[in-house]
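What follows is chain A paired twice: with chain B in the first complex and chain C in the second.
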Partner chain A sequence: MFAHIVWLVLRKDFTIEVRSLEIAYTTIFFSISCVLVFAFALVQEGRAPEGGAAGILWIAIAFAGTLALGRTFERERQAETLRALLLAPAARPAVYVGKLLGIIILLTAAEAVLVPLVALLFQAPLFAHPFWLVLILLTGTIGFAAVGTLFAAMLVRARSRDVLLPVLLYPITVPVIIAGVRATATLLEPEVDTGVLQVWFALLVCFDVVFLTLALWTFEPLMTD
Partner chain B sequence: MPKSFMPLAVVCGLMFAVSPILIADAPYESTMGLVQKIFYVHLPSAWMFLLGAIVCGIASVRFLFRGDPRQDRLAWAAAELVVLFGVLTLVTGPLWARKAWGVWWQWDVRLTASLMGWMVAVAYLLLRKYGGPGSDKLAAGLALFGMANVPFIYISVNYWRTIHPTTSVVPTLPTSFGVPLWFSAATFLLLFLLLLRMRVRLEEQRARVDALYLSMDA
Partner chain C sequence: MLALLATLLRPTSGTIRYGDHAAGTRGAALRASIGVLGHDLFLYPELTAYENLEFFAGLYAVGDRRAAAATALEAAGLADRGNDPVSSFSRGMRQRVALERALIHQPRLVLLDEPFTGLDDASAAALGRRLHALRAGGVIVVLATHDLDLAEGLLDRAVFLRDGRIVETVDRPQEVRSMYREIMSRRAGRSGPPGAA
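Here is the complex of A and B:
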């Protein structure tokens, strides 16, 4: 039952998105321009600053994620469909998970463009350890999106929601971003220290578990009037 | 206001007058000398900072699941104290670090986590002020995530190798250092409780005025 509702919410969002591809196109284009701004600012005489690639990749993901989160729920607000969604006889956590999966898929699509772009512009060997890179990106994205989906859903009804989303989201998700950046930076070193990598990866998994548990626990009371 | 408020406020004032004398009488620490004295302000304010975050988090959870507005007022009051004592911690810390470590700031785990905890509290206040109707629940959700940060700040020094002293320092302090520290901590705790009570009362009065306005309209 739970999985079925998750699937229905995900399919609904996917069907709406496929019709216009508005959020996907704008998010991906925004993340590309974000990386380009960093490239203009930091790459001098064809040389990228050392160790900058990991940070730039994650900043672009965080910025694009914030934009996507805001847009996804703005759509629900404009059509007054969030209320309908919450009125449906479905478990609230399932609605949350459906929304979360949608955001994660969207961000994964953005990352599929971002990673090659950052690798190209900042001469970073991001593809040297594809398995680890995918693991780190996935766990980092889940942690970021878990908090983001909850906050974006809560903020739908608030005033000045556009500016409040990043204000609330960044202090909470900074640990995830730090762990993601450190893990990616470790991957980019010529000699990868697997021990260090495992510590950061374990930390990312910890944050995912804590954030997901808290979000599933509080989604119901937070979304009740 | 409870009757004991004013006497306790006077006691708190007296304790704040006495604690500098105790701190001045404490012996110099062998390696850091005079600059170590800031420890008697830094540590108690850091404790109050964490205490505020815990009070805010627990009150928020209770508000979220039971809907009791008194818990909401308590959470708001505690969040303001988190910002206040957080500023004290984050100002005294670098002043000490400049002398002890040679740098103002170090991006180590405890410092970063404390700064983030403080920023969550500021975000909480921004949300309460500009979020409009319904922001009370939202803020409660935020406070819950902020509280998840507290144990992380506390244990971080023990698990990561950092230059910040670990939590084992306090129980092993000799009496000559311990007495001024605990006195200072008690003073800060009293100040914390008094400010919390005062701030909750302000919100209570505000809620009462709102209720009166509503009853006039009806």
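Here is the complex of A and C:
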């Protein structure tokens, strides 16, 4: 039943997004613009600053993620459909997981555009270790989205939700973003230190486990007024 | 009040009992027996009427959700518009879909907040007939409304509220509008917008 509810919520969000493409377009165009601005500011005479690509990639992911989270829950607020989801006898953590998976898929789509763009503009060998890159992006995205989905759902009825979401989200997810940046920067070094990479990856997995557990544990009581 | 009954809010004091059960101990099981039509319609405008109904049938674990959605569309009188997005519907049509959404899992308790809003005369009469049928089928209907004329003949018990407090309870009320005026005129010295449930 849990998996069925997750699937229903995910399929519903996917159907709505395919019809409107509103969040996908805004998220992807915003993140592309972000990378382009950094590229014009930092790349001088065809040379990118050392280690800059990793930071800019994760900044773009974090900004795009915040935008996607806000818009996703704004959609649920407009017709108060989040209340309808909470009124159903379905397990509320299943609703959370359904929304979370939708955000992760959306961010993965944005990353599929961002990674080649950053690799091109910053001459970063991001595709030298594709397996590690996918693992780092996936674990970082899960950690960021796990906290973001919880906060965005909590703030959906708050008047100043657009201001509060980044104010609450960034301080909590800083460890994930730092670990993601350091792991990606390690990947970009000429000689990849696998030991260091494994440490950052293990940290990302730890953050994911902690954030997901806390979110699943607290979603139901937090969503009941 | 309806949010409390729907288990969306926790009472700051006291408990709400549903037969032998309290909301705190059997939240999900209770919610399976409750249908809610709020002032907001709880419909996704980008989805078709059929998709909305099928989605909510799935959330409420209705056995054959496709058949349930088709039946609900028939009951709403919108079988021929089932594949149109809800955003293309008039307020009255949305209200009819929303009512069937609230009833799709055949709840025992139905909570309706201003269900006559946006309905034309024919739709309001159809809703009245639907509420009569629900009552005849043993469903408990709690209706919050300011449309006292439309509620005439639908009520087994009228509870008049002022400032969120019960001021009068009348069984089998007749001429609700004049009764309401009389009750409120007795409390004319007090302030606040009155309502009836």
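By our rule, the second predicted complex is superposed on the first by the 225 of 225 C-alpha atoms of A that agree within 3 Å, B and C clash if a C-alpha of one lies under 4 Å from a C-alpha of the other, contacts with A are read in each partner's own complex, and residues count from 1 in each chain.
The working rule: contacts are C-beta pairs under 8 Å (C-beta built on N, C-alpha and C of every residue); 3 or more make two chains touch, one makes a residue touch a chain.
No experiment lies behind these values; they were computed from the predicted model shown.
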- Query: First (chain B), second (chain C), both or neither: which does A:Ala24 touch?
  - Reply: neither
Determine, under the contact definition given at the top, whether A:Ala158 touches first (chain B), second (chain C), both, or neither.
first
Identify the partner contact of A:His4: answer first if only chain B is touched, second if only chain C is, both if each is, neither if none is. second
- Query: For A:Val210, is the partner it touches chain B (first), chain C (second), both, or none of the two (neither)?
  - Reply: first
Tell me the contact category for A:Ile178 with respect to chain B and chain C: first, second, both or neither. first
Dual-contact residues of chain A (chain B, chain C) 225
Listed in rising order, the residues of chain C that touch chain A in the complex are 3, 6-10, 28-32, 34, 36, 38, 40-47, 51, 55-56, 58-61, 85, 101
Note: in the complex, chain A contacts chain C through residues 1, 4-5, 8, 12, 15-16, 19-20, 78-81, 83-91, 224-225
Chain B residues touching chain A in their complex are 64-65, 112-113, 116, 119-120, 123, 126-127, 130-135, 137-138, 140-142, 144-146, 148, 152
Counting only contacts in the complex, chain A reaches chain B at residues 147, 150-151, 154-155, 157-160, 164, 167-168, 170-172, 174-175, 178, 210-211, 214, 218, 221-222, 225
